[in-house]
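Would you mind keeping the following structure in view while I ask a few things?
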């Protein structure tokens, strides 16, 4: 009973890419906007399917918590049972919605791309298809294909339309992610040949979560530790986590504004989503091991503190925002690592909240860059006088990222902190120590955000930026929805996010704990 | 009556000599001579085996074919060397080191 | 019906904020002020009506809440809790705020960003009232930070001045340090008790949620208290309040005198039942240190607003001390009275500054009472009130505090300091307040230019001064502290309170955590026996009250006399005194060097750590990734047998640097001479044959 | 017994020819030594009783291939080819590899057990003809096509430049 | 030999058809007017190829891999099974593509066109027979049949220094290797007394493998390894490909390599299962080591290349290394099926990549990397298609290169050859660099002033006119890559069905 809604959402951008390649030059931007808008409207179609279910009973258990499942046999030959299977559940659906929203806004933001727009918008739409595919794929092979599909367009988008050191940044991005995906390929092979779902091998992510489908894994402890580490590295590169994060600042600094909006808003979520979709449900006993929880927790905290510290010391505005993304994503990892219900909910919410705030912040930096053509904070200053409306929106965006109550950043952080405080997996004291260190980041975040706001916006008006034009209508069109979302998620988090997300997360936790 | 082994040893010696010639000589045609040595070693083997009752007549017919192959190869090789000579005015194969890396 | 009235009153400023945010610029200068002030006045009216209905109606407490969100498995409700303390605080905040709103219409006249000022003020009003009504720790925390945000905007209102934006940033970050510990406190409470709203937390604690680990309850109590320390500028985190004076004066009056800084004391009052005796002792000592330290600094300050700022810190120290020693009603009563006269003082100083066209240094003022009669009279009333002259509100509340302090020190002799320090500070307070008043209004005019131009502020500014002056005088009358009867198991019962202090005392928590309970962490342990407690209460009742009153008035008189001698009669010249005590004066003048200390340790430390982070990230980690590529490229290049003239032309650029290249060695083998190929071939063949034959 | 003497004579001659080629530097002398080697091997075939193969060897190899080589030598060495001395390193390496290969082969030859049955009777050309068209009919047909293609390629390459272009012998000139 | 009825020759028809086309072209060239244009002969050649394909399609051999010599005459020399049929169809269609490409890239005088066609068809016949040869002498002759025309083809541009040098080296190297192979065959004949591979295997299984037979097998392996360009025998490949034209290079890189690969796979899958486990493990280890060394050497050397043909030569060596791993899987026919699937996609990738390089070489002067600079702006569509081929050669998912590499990896993994899988993955990661260099040149670096390189005619950095035929070929290749990825289930079924009993 395929409902084809999800498949249409995924392949509408691909159709858009086709039309963009053939449409006359002056229509390119409009067609791209049309198709991203269409994808967004279709993704709204998913909403009624989730609104109907009452909160408690949502998603009876992890297996049949999936809705709008489209299943098509794709490759059934020579012992392979790969089928095109997409579906969406509590954690998938919000990310799909986030993807369509951010891509729509990024499309509006890339209105003044001058260098070969046809190629730009074609790759842009291909990237959107890849992202939508990653968040809905339920077959490991399909997940891997879409995961790699996002690699190609991003490489060219950064490489061709980027800043001065774009080639270096692009190849570095490509290499880090490819290294990760090669490890994922090995794990995919391992899962496939070790699984026997009623006798046959399977890639189906749902079937793999049922106990007994991976018999060899139940007995050999070393096997699932190895698999878990490899998968973790693949996802850690994307989140990014401490040792593998060096590509992010370079990629962000060099990528054009709309692309870094998508990079920060969506690509970083692939890592977190991967952990929640593949690592934890399929290898629950690996995740429950105290040593694993300790390492992930510590790495999460390092990410938070290290990101905040580096952000404090940056002079390039965009690099500062990039490091702030690392710090915020550290909360996601900490939330997931300590296996508490609130922690999971916090991690998921933080992913969505960070999507909104980081997209907003990168757009804001982009707006400044379009006007003054440099991002050097010491040289900036006194913009509040020239651009009051822009400063108002910027304050909203930056304070949301800082985690001010009433805005979306706060809810994610408070959930993760309160949740990880009660974690039992690290013994009575362990979790509490980690939470205290993470809580300190609240001060550091306030530090670097206020300091940068002060140096960029406040202070006396500088003659150098005399004639700087105020924020344009189009730019407000992009910032307004992000601001509204930040407030809505901050004031009513339960109605906007948690009703959909908590059901599935509770079941994943039930699998693990 | 001579045994089979001396013939085989001789063919082994011819093989080694052939390889040595090919490697040590810088003149293209000399290398061809080396190749002829190897092929002769092969034909000698074949004939020796067939005459000592292994595999009957097929060895000798195979030897014939090997000779024909050698001839064909020599023809093509010489044609190429001629062309090589025409363009680079020497037969020293080592001069041809533009293509490398 | 009652709670909904208060909720409407609470939401009015929010309406003002939303309207002003979008239409502020269009509404323009005076009208946006009238809108904001009008809304606040209506809120004040509603709360007054509500308060009178409450005093007559007498319900214990009212709760309204709606489910907001589910944290993990616990449901968090967002609601309103109203008891007599809330009523009193709500009325006080709305009344003082409306006075200040009206005042600032005059004060901020002609400022280009006039509407924006009132936008921030309305937002502050909304979040402060929200803080008072919040029924759960998390609700409290949310408005806690929103209030901090408004103080950030208002301090940094004139952001062209870098000192203003620095002060704003400093205020917010120091508040954030306090909030961070507050958050940890909330996490502990939530972690152990599993519930959020204050009522249910108290029940859980009483049913022994902290059984077995009393220490954790103390730790949680202290963490929560640190939130208050951050907000009410107590000892370790007080550095931001003096700098906050950069903001416009009405802001200092509203936020940094009456309301926001009081929020810390209100929080301690709310969580009082959770505080274990050790925690209370810690609170008391912090209060004591703050009040004596800031009082001393206030003596040497020359900027009129800085003096008032330090006096605020000192008075807050009093309130915290009162709560620490168990005088719950006394502390909070002092909070209300202090709000009135300190707001009056600040507005008075505002009108002085307004009159002297922005001049804040009292050394340049003098003889202004003739030029600004109303301001000087109202300022005098407030000064006397704060000094503790009888019949004024300050006297009653400070006397109550000293009484409870005396009561406490009487039973716990070892903590004698807790009474001596406030008593001494009472004298010092009287001294520096009188000094300020005399130097500003009575001594001969030191700066002719300032004196000449000084003029009385317009009607819209001195009317609020008058209203506040009236309040300062009458608010304390008719107040009587209720008696306390112990009902066993740490439960107490109060009755017989009259006046404002009686009203406040009604909200006093019925029970407190006793020593035994702290060790055992479980209430069932039999508490101080009933009779013994009653005896102690009775004894305490009469003796201390009179004795405290006597000591307080004598200290006040000493202070006033001293100030009179030094400044009015110049029998003891101030200048000579400063030379004799030069080192002490320098120490006080530099505010015990706290600012420099913090800047050297924390700020510098973090910045150092940050630059290390940046270096480590760029050099070490990036270096590792590129280095390995560069190293391999160098190895390959070096190992190449023959340099290929055509192949390698400037290949080592960015991308190459990244590529792992070991190919040169192998590529060089491709010498182009076919004989080498065949040599390699035969060697390969020979090796393979050898291996096989050897195996065989 | 006589047979053994003749064998050692011819084998010695063949090996001597090889060594001579190794040592000599002039290409012309090499060609002649090649011819002697071929003849020696032809003689061995006669000794072995494979008369037809021997004759073919003499006819095709010596008559055809060797003559072709000599022509090649004549055509390509118009100017006196420089004495081409192999480098020191190569000779040493060569000797080592050669010795290892030889040792391996001889050891394994001695090691294998051959079906030592009697020398097959000297067979007539007819039998070879029958096996040529019987068992080896496939290769026979294929070889004919091979020779056609080889001849075609060689003829193409060896065709002199089309006169219209005129002599262009300088190195590196290219004919589009 | 009893009478040969047409019935016996059923399997010979396709090959006969090719030989007849060869003859027809020769006769056509002779009787046709001088310089009458290439179209006529091209049509004749294509007709011959299509005829061969049709005839091959009519055959429906029983699918067992090894067929006892049935009545058919050819079965004595060839393994007449579906793989033989597949090879004919596969190589003929490929040659059709090559001819189309050559026709549009042709810059030489028209009288050389028929020679070119004949040489190509001759090598085609040789390759087809080599892939399924069973009788060792037949194998040797087919080997020569495939090699001799390719020596001439490499040296086809007669008086060009590079091609003459390349051909000379290639012919010497080839001659030595084929001579060694023939020597190996003679030894093998000595040990087993027969040329028929089936008998040899039986004999070796019965009596065990004497060291002389080992040496012989090694020499045989050296011969085939030369053709596949495996590690120690790969030296000729880069020089030959750089010397030859891009279309000839494509033909050699796919045609001769896949034929030799199939021959090796076929012989190994008959020999290895039946000989004693000791020798078999060593043999597998040898082939595995050679494969891994090939991959690594090729990938390492490819990075520094500036001539794209040379770079693609190293890439073909690397891919040969990947494919030969298929031989390691002995248990069932999955290994050979993986090889068949791989070479099918390999055809598309290489044909595409070499044709684009050919175009650039013809119209921009030389195949130096600098000529690729700024192609993204000059010919966006051509650059896009080239990027397709590059990323498929790397093995990224949306393209078929990944699918076949996946089939190969999963088959290897299934048979406990994990270390080979890891080696292939590492090399894939590593191969990314040199493919990226071409992509980087095309897209990222802006076209600098005229690059300093010797020109074979044509103006550098000029936009490239892509002739009609070429557009068709490129489109088919690119579309094939996508289609085969989406439908690689069918590809897998096809390759498996070749061996399903």
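Letters are used for the chains, namely A, B, C, D and E, taken in the order the chains are written, and counting of residues starts over at 1 for each.
The rule we apply is simple: a residue touches a chain if its C-beta (ideal position, glycine included) is under 8 Å from a C-beta of that chain, and two chains touch if they have at least 3 such contacts.
On a predicted model such as this, the values are computed, not experimentally measured, just so you know.
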Neighbouring chains shared between chain A and chain B, ordered by label: C, E
Least hop count linking chain C to chain E through chains in contact: 1
Pair of chains with maximal C-beta contact number: B-D
Interchain centroid distance [CA atoms averaged], chain B/chain E, Å: 26
Distance between the centres, which are taken as Cα means, of chain E and chain A, whole angstrom: 44
Chain centre separation (chain A, chain C; CA means) in Å: 36
Chain B residues counted as touching two or more neighbouring chains: 8, 15, 18-19, 22-24, 26, 28, 31-32, 43, 48, 54, 58, 62, 65, 69, 72-73, 76, 79-81, 83, 86-88, 93, 96, 98-101
Residues of chain C engaged with two or more neighbouring chains: 644, 646-647, 655, 667, 670, 672, 674-675, 678-679, 682-683, 685, 689, 693
Multi-chain contact sites of chain A, meaning residues that touch two or more partners: 167, 171, 175
Interchain contacts, given as pairs of chains that touch: A-C, A-E, B-C, B-D, B-E, C-D, C-E, D-E
Chain B to chain C touching residues, read off their complex: 19, 22-24, 26, 31, 93-94, 96-101
Touch list for chain C against partner chain B, complex: 644, 646-647, 667, 670-675, 678-679, 682
Of chain E, residues touching chain A in the complex: 334, 337, 376-377, 380, 391, 396-398, 402, 407, 409-410, 413-414, 421-422, 425, 428-429, 432, 436, 440, 443-444, 486, 488-490, 492-493, 496
Interface residues, chain A side, partner chain E - complex: 74-80, 82, 116, 118-119, 144-145, 148-149, 151-152, 156, 159-160, 166-167, 170-171, 174-175, 178-179, 182, 185-186, 189, 192-193
Sites on chain D touched by chain B in the complex: 3-4, 7, 11, 14-15, 18-19, 21-22, 27, 30-31, 34, 37-38, 41, 44-45, 47-50, 52-53, 56-57, 60-61, 64-65, 68-69, 71-73, 75-77, 81-82, 84, 86, 90-91, 94, 97-98, 101-102, 105-106, 109-110, 114-120, 123, 127-128, 131-132, 135-136, 139, 143, 146-147, 150-151, 153-158, 169, 171
